[in-house]
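In what comes next, subunit A is part of two complexes: it sits with subunit B in the first one and with subunit C in the second one.
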Partner chain A sequence: MRPILMKGHERPLTFLKYNRDGDLLFSCAKDHTPTVWFADNGERLGTYRGHNGAVWTCDVSRDSTRLITGSADQTVKLWNVQKGTQLYTFNFGSPARSVEFAIGDKLAVITTDPFMELTSAIHVKRIAGDPTEQTEESVLVIKGPQGRINRAVWGPLNRTIISAGEDAVIRIWDSETGKLLKESDKESGHKKTITSLTKAADGSHFLSGSLDKSAKLWDTRTLTLIKTYGTERPVNAVAMSPLLDHVVLGGGQDASAVTTTDHRAGKFEAKFYDKILQEEIGGVKGHFGPINALAFNPDGKSFSSGGEDGYVRLHHFDPDYFNIKI
Partner chain B sequence: MAAEVMLINEIEAKAASMAIDLNIDFNSIQLPRGEDCGIVSDDEDVYHDDQLEFDSGFGNVIVVDNLPVVPSEKFEKLEGVIRKIYSQIGVIKEDGLWMPVDPETKKTLGYCFIEYNTPQEAELAKEKTNGYKLDRAHIFAVNMFDDFDKYMRVPDEWAPPEIKPYTPGENLQKWLTDEKARDQFVIRAGTDTEVLWNDARQSKTELVYKRSYWTESFVQWSPLGTYLATVHRQGAAVWGGANTFNRLMRYAHPQVKLIDFSPGEKFLVTYSSHEPSNPHDANRVVINIFDVRTGKVMRDFKGSADEFTIGGAGGVAGVSWPVFRWGGGKEDKYFAKLGKNMISVYETETFSLIDKKSLKVENVVDFSWSPTDPILALFVPELGGGNQPARVSLVQIPSKVELRQKNLFSVSDCKMYWQSNGEYLAVKADRYTKTKKSTYTGFELFRIKERDIPIEVLELDNKNDKIIAFAWEPKGHRFAVIHGDNPRPDISFYSMKSSHNLGRVSKLTTLKGKQANALFWSPGGRFIVLAGLKGFNGQLEFFNVDELETMATAEQFMATDIEWDPTGRYVATAVTSVHEMENGFNIWSFHGKLLYRILKDHFFQFLWRPRPPSFLSAEKEEEISKYLKKYSKKYDAEDQDVSMLLSEQDREKRRMLKEEWEKWISEWRRASEEEKLERQRLRDGEASDEEEEYEAKEVEVEEILDFSEEVLFEE
Partner chain C sequence: MMVTGATQNPAPPTKLRWGELDEDDGEDLDFLLPPKQVIGPDENGIKKVIEYKFNDEGNKVKITTTTRVRKLANARLSKQAVERRSWPKFGDAVREDVGSRLTMVSTEEILLERPRAPGSKAEEPKAAGDSLAQLGKGGAVLMVCRTCGKKGDHWTSRCPYKDLALPAESFVDKPAVPETATAAAGSGKNTYVPPGMRAGADRSGTDMRRRNDENSVRVTNLSEDTREADLHELFRPFGAVSRVYVAIDQKTGMSRGFGFVNFVNKDDAQRAINKLNGYGYDNLILRVEWATPRTN
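Moving on to the complex of A and B:
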């Protein structure tokens, strides 16, 4: 089917997130306004105004009532999804790079960038049921990794936190004590900045994408490497189909080099791989510029991609996609 | 070496008993000379010096003999004279001049030692001042200190040379006997160099040999594929063997830059260029010709770069490589060098000039050998504003008889193209139009093997077309030309034979508007790849010239290199590290089917291993191609078996992968099931996990957004 082009952002996209029901799509971009769309027809439903910097990330609660966004304006904001009003603002001394609600939506993990004298950090905040009772202080702050922490997500039963970033190492932390439990192997692990990390629908495994032109699949509990998917360009975004054993990798050459080469040189395609066989299945072209964000609809029947070109492209799969055999 | 194991406290005790301070100042440690223990110095100068020093460390010292013997009062004067002479050539090291004195008579002994900064300077000094006449009685005899050492060791009495027992060497051509009739190639990516089999049946490669830091700049096959040459700071080396790659020979040549094999791979030419000590001088060039098997230097050439840059091709850019062009077919009989107003032809029996003199040709700018016969084609450009026409002539070696000559009028430039069997020579001549403002191109076609060497002139249909590429069909009678000024040029095919007249050239076809700028004939002829490199982003067209039809069109984006395998069965296209992305290579069948693709970052080189020419006679080859069906049956059956096996293996592999995955996932499910209650608790008892499908309910919600009452006045 023809993709639906959603033009609502004026700057490059940074992050995409579907709610659990798969009817809403939240998009973040370097303009200051996260936007919510109908995931079916791409109609814009509303925007969340209030940030004063690029918005790097967001997450939505299981019941789709709360949105949490992290921004370069050094704040993380809680929003009422339906009304678009701000509920609470967490202030940090440096830009917030990633956020995620825990199972149960009572905790959130937030990563902040190194900035001025501050080092990068992982913060755990308690999210109050009633926004008027929300407090600022962190339950836990973890420091240690060098450079930016591009993504931190919760492990099974909120007992661990998995982080990855510029130092190319994936780490698993105890979410109670902040103790480092595991580190990815230097040999088998990524060689360059890890740009993205996404969990499987059941949380059993997760996929990491890196500028070393590969994506790797890991066991969430043991941090053992299960699969590696090689590609020919830096990977900025990864996604996994919840329905079929497919993974999607998006990326492309650096934005600064785009103008100097043929548009085909950048390979700004979303590439599909068989998750188990590690073989390339196909690609979806379209963006003029690298792909920065990818997300699968929880029903597995559509996916969306966000590019440096400022567009969100919403792709509904043709029926024959579901019959691919290799 | 087995070292005795000593405990650290024992060492300390020992040290204390011997009153040795074990607190080592690391800056005081000096590594043994010429040995860095694997530690690379970060001091740029030290590093540089290391490069230049020879093994013994005395390569930069010369001994000057036959000096006047002077008493001590004249010592300083003599020393001053010597210093003056030798400091003109290079920088003498501090305290680098030593003239020994007889302790009894206080007179000098008639010789002195001079130490230069670099071995190059020392060598130059030896060359320039050996035989220098200070006065009639004192003619300098200059030697390298190292040589002295060598001559000293010559025993006084002759001893019969030891006869080494013959040890049979490995079969260096074993790769040709591969059961699956595969070909090898070498690739260089990052720091690794790998030799691989091209296993096209299984669509993959098989590793033969791999080594990191195998070479310091590039690798090169010898023309018959026997050796792989690597290039290092100290010289070149060749590698080969039956099943793996062992070093067979080393060729010492410090700072070697370029190498070239003779066509029969008997000789190896190495080249280096050295910065002069005086910045106004040209670079010093050293060229050695080695015997490949013995490693002996057969002849060396030294001189300033100017002596090696004469001629059209070299021009401003410097020495045109190869400086020495090998001729006379695979026998490696002759090699020649272009000089000012002459061509120097050497023969390899004595490594001296034929008839002891060079071939004098006024203003010659280019020459080329016939690939099979000892015939030189040379080109002399127009002189005196057209008074003396340009000239192409064919000269027989060693007789130096001119076989044929053709004068060409108002020619601006010429290029010579030999057909691989030496049957034809095409001379592409760019001519001025009458106004002299622009040029057009024509071809002079020589039929070398026919009586009196007839020449035919060929002009393109549109003679103003620019020629982009020209290529002979290997072993054949056809050639292809890319011509035209359009962004999409035309490609024409010609044959040296026409249907009714064997002695006339005829056009076969013209393909209009192709995205191509390079031609790659299959080594077996008949097929050609029309490639659009650089600006055309790697367009490929596989064309059958017998049927005049396109077999396939394809693309490897940004392809930089294209090479046919020596049998003409496969084509490799590669993207080398001139581009940042997409580095790697593709292997195609001859008819343009992509067989497999391998990506490698920092990809530098792809080279097929050449094969020696077939021993079969032309008649035998024809017979085989006639009864090809009979022979191919066996291979077809094999192919089928392999493909069956392959798909079987593939299925098996996939099944294994799937099974493994299932096992892993079920394990995880079990663990996840155990945690189900815990998860529910985290969600305040919300029973649903992700397992349950949610139900879509239609709920109508009415919300009053605004309410206002207005009273409308009625008139």
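Moving on to the complex of A and C:
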């Protein structure tokens, strides 16, 4: 395949997100300016100017009219996707690390980092249909996990919130009361910081990637470990194909390994694994630096990866990708 | 489009026409053309349109247009997506000109590379070879230390591991001035594969560099266009060669007539000297001897 290279960001990429229809791709990077691209040919549509710090995360509403972004400048902003204008700003006491709209886009879950005396927290905010009616108040605030919470997502039917972070434990919280419902098992769980989390298209299982060089597949209801995928590199980003049973892991290189391995350009790869057999199918090389973000188009026929090198690489699969057999 | 030809006016009838039309009436109607006929798309999607018109000379002309009507591949965009396609650019994209190269299609074909069969140890020798490939590529590597093979850290003269073992690689020495070695390495080495990287290349190294230097053979009376590769090729039959060097005049790019070959084994070096001293190579008689005075 001929990937399309998009170099709109000058700093490393942090997050990629497709909209529900799969025609827009939103990219966040450390350069303060989230960008939206057309997902078929990689043409840039626009940028959202306003943040003063690295943008760690974003999510787009189902009708692709609203964008929510979380940034290191301690704000979370709501944007009009089409015009690029800011609709609302939520202020926090510490950098925001992860945002996600709930199903129905009426709520959003936001995580904030530990900062000075504040511990990390998970906030649930109500999102008003009319931006002028938007208020700052939180519906729910959950505190508890030690260390940074790198990702928090909504569980099925918005009943639960799943969080994962630096303490390597995945937790499921009740989204109305804030009570901790489940924690991942310490023995079988991750051993190091969990960097990324992605849900299956139907929400029944999710994948977590960690710096312990593995990714694990969990059942959403019971939080039992289903599968484990091992790599040689710390995993920074994970993605699941909505079409085939493939998972993709993207990662980097341990700082200690930097001098011993070669720096041949374009060697960082996104690794494809068979979801059920846990075996590696192959890798897609091309990035000049560790891969920090991965996203699959909802139609499953293309995917994109964002790296430390500031490039977003958009890959449309060749027809023989769909016929791969282990 | 097919123009089938001009049709002439109908010849005047010899008998009375039906409907009592006389010639004049028939000619009056000449300015009328038969109506356009559309033969709709058949099962192959072929559509024919037959029109009549007057060409420049005033002749009636029948034009048959044959087109194939084909349905485009399923536009996978939903209606809203199609609308979004026509949104105006905003933010930093407003000032974008058509020629801006933000989005480019990769020039390389990238494949989903299947991993090697499980259990193979292909990774390790690859690591040794790859740093050479890296050197071969040029441009990306800045500082190469020959002693420890580390890149981007220090030059050979400043190697903190000066006395330690040479890494298990053989390599081609870069011509002349070490400080500008990178520039030279970068120039035009993109497709050149150093002998150490070629198929069948011998990459075994020696234990210690010093011993290697003691197996150094000096070759003089080289022709002008002799290069490292030639020397390597010439001396290879005698045994493993760890290093070749040809003194090259930076300005002209020609060999200055001499070079050095380091063998892994002293015996190989001895045999090479015996055989190649006095050997005719490229119109010149080679002189091959020990680089440093040897006592055997």
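Remarks
The criterion applied here is as follows: the second predicted complex is superposed on the first by the 314 of 326 C-alpha atoms of A that agree within 3 Å, B and C clash if a C-alpha of one lies under 4 Å from a C-alpha of the other, contacts with A are read in each partner's own complex, and residues count from 1 in each chain.
Keep this in mind: a contact is a pair of C-beta atoms (placed from the backbone, for glycine too) under 8 Å apart; a residue touches a chain by one contact, two chains touch by 3 or more.
Computed from a prediction, not measured in an experiment: that's the story for all the values here.
With subunit A as the common reference, the superposed partners subunit B and subunit C clash. For subunit A, the partner touching the most residues, choosing from subunit B and subunit C, is C.
Residue contacts after overlaying the shared chain place A:G84 against subunit C, while subunit B stays out of touching range. By the touch criterion stated above, A:D174 is placed in contact with neither subunit B nor subunit C.
Within the superposed three-chain model, A:D21 lies in touch with subunit B and with subunit C [touch as defined at top].
Among the listed stretches 256-264, 472-480, 508-516 or 670-678 of subunit B, only 508-516 clashes with subunit C once the two complexes are superposed.
Subunit A residues in contact with subunit B (one complex) as well as with subunit C (other complex) are 21, 262, 264-266. Interface residues of subunit C, counted against subunit A in their complex, comprise 76-78, 80-81, 84-85, 87, 89-94, 96, 101-106, 108-115, 127, 130-131, 133-134, 137, 140-141, 150-153.
Put simply, subunit A touches subunit B in their complex at residues 21, 62, 102-104, 106, 156-158, 201-205, 213, 219, 221, 226, 230, 232-233, 245, 253, 257, 262, 264-267, 276-277. Considering their complex, residues 537, 557-558, 579-582, 584, 599, 601, 654, 657-658, 661, 664-665, 668-669, 671-672, 675, 678-679, 682-684, 690, 694 of subunit B touch subunit A.
Put simply, subunit A touches subunit C in their complex at residues 1-8, 21-24, 33, 35, 37-38, 41-49, 63-64, 82-84, 259, 261-266, 269, 272, 280-286, 299, 313, 315, 321, 324.
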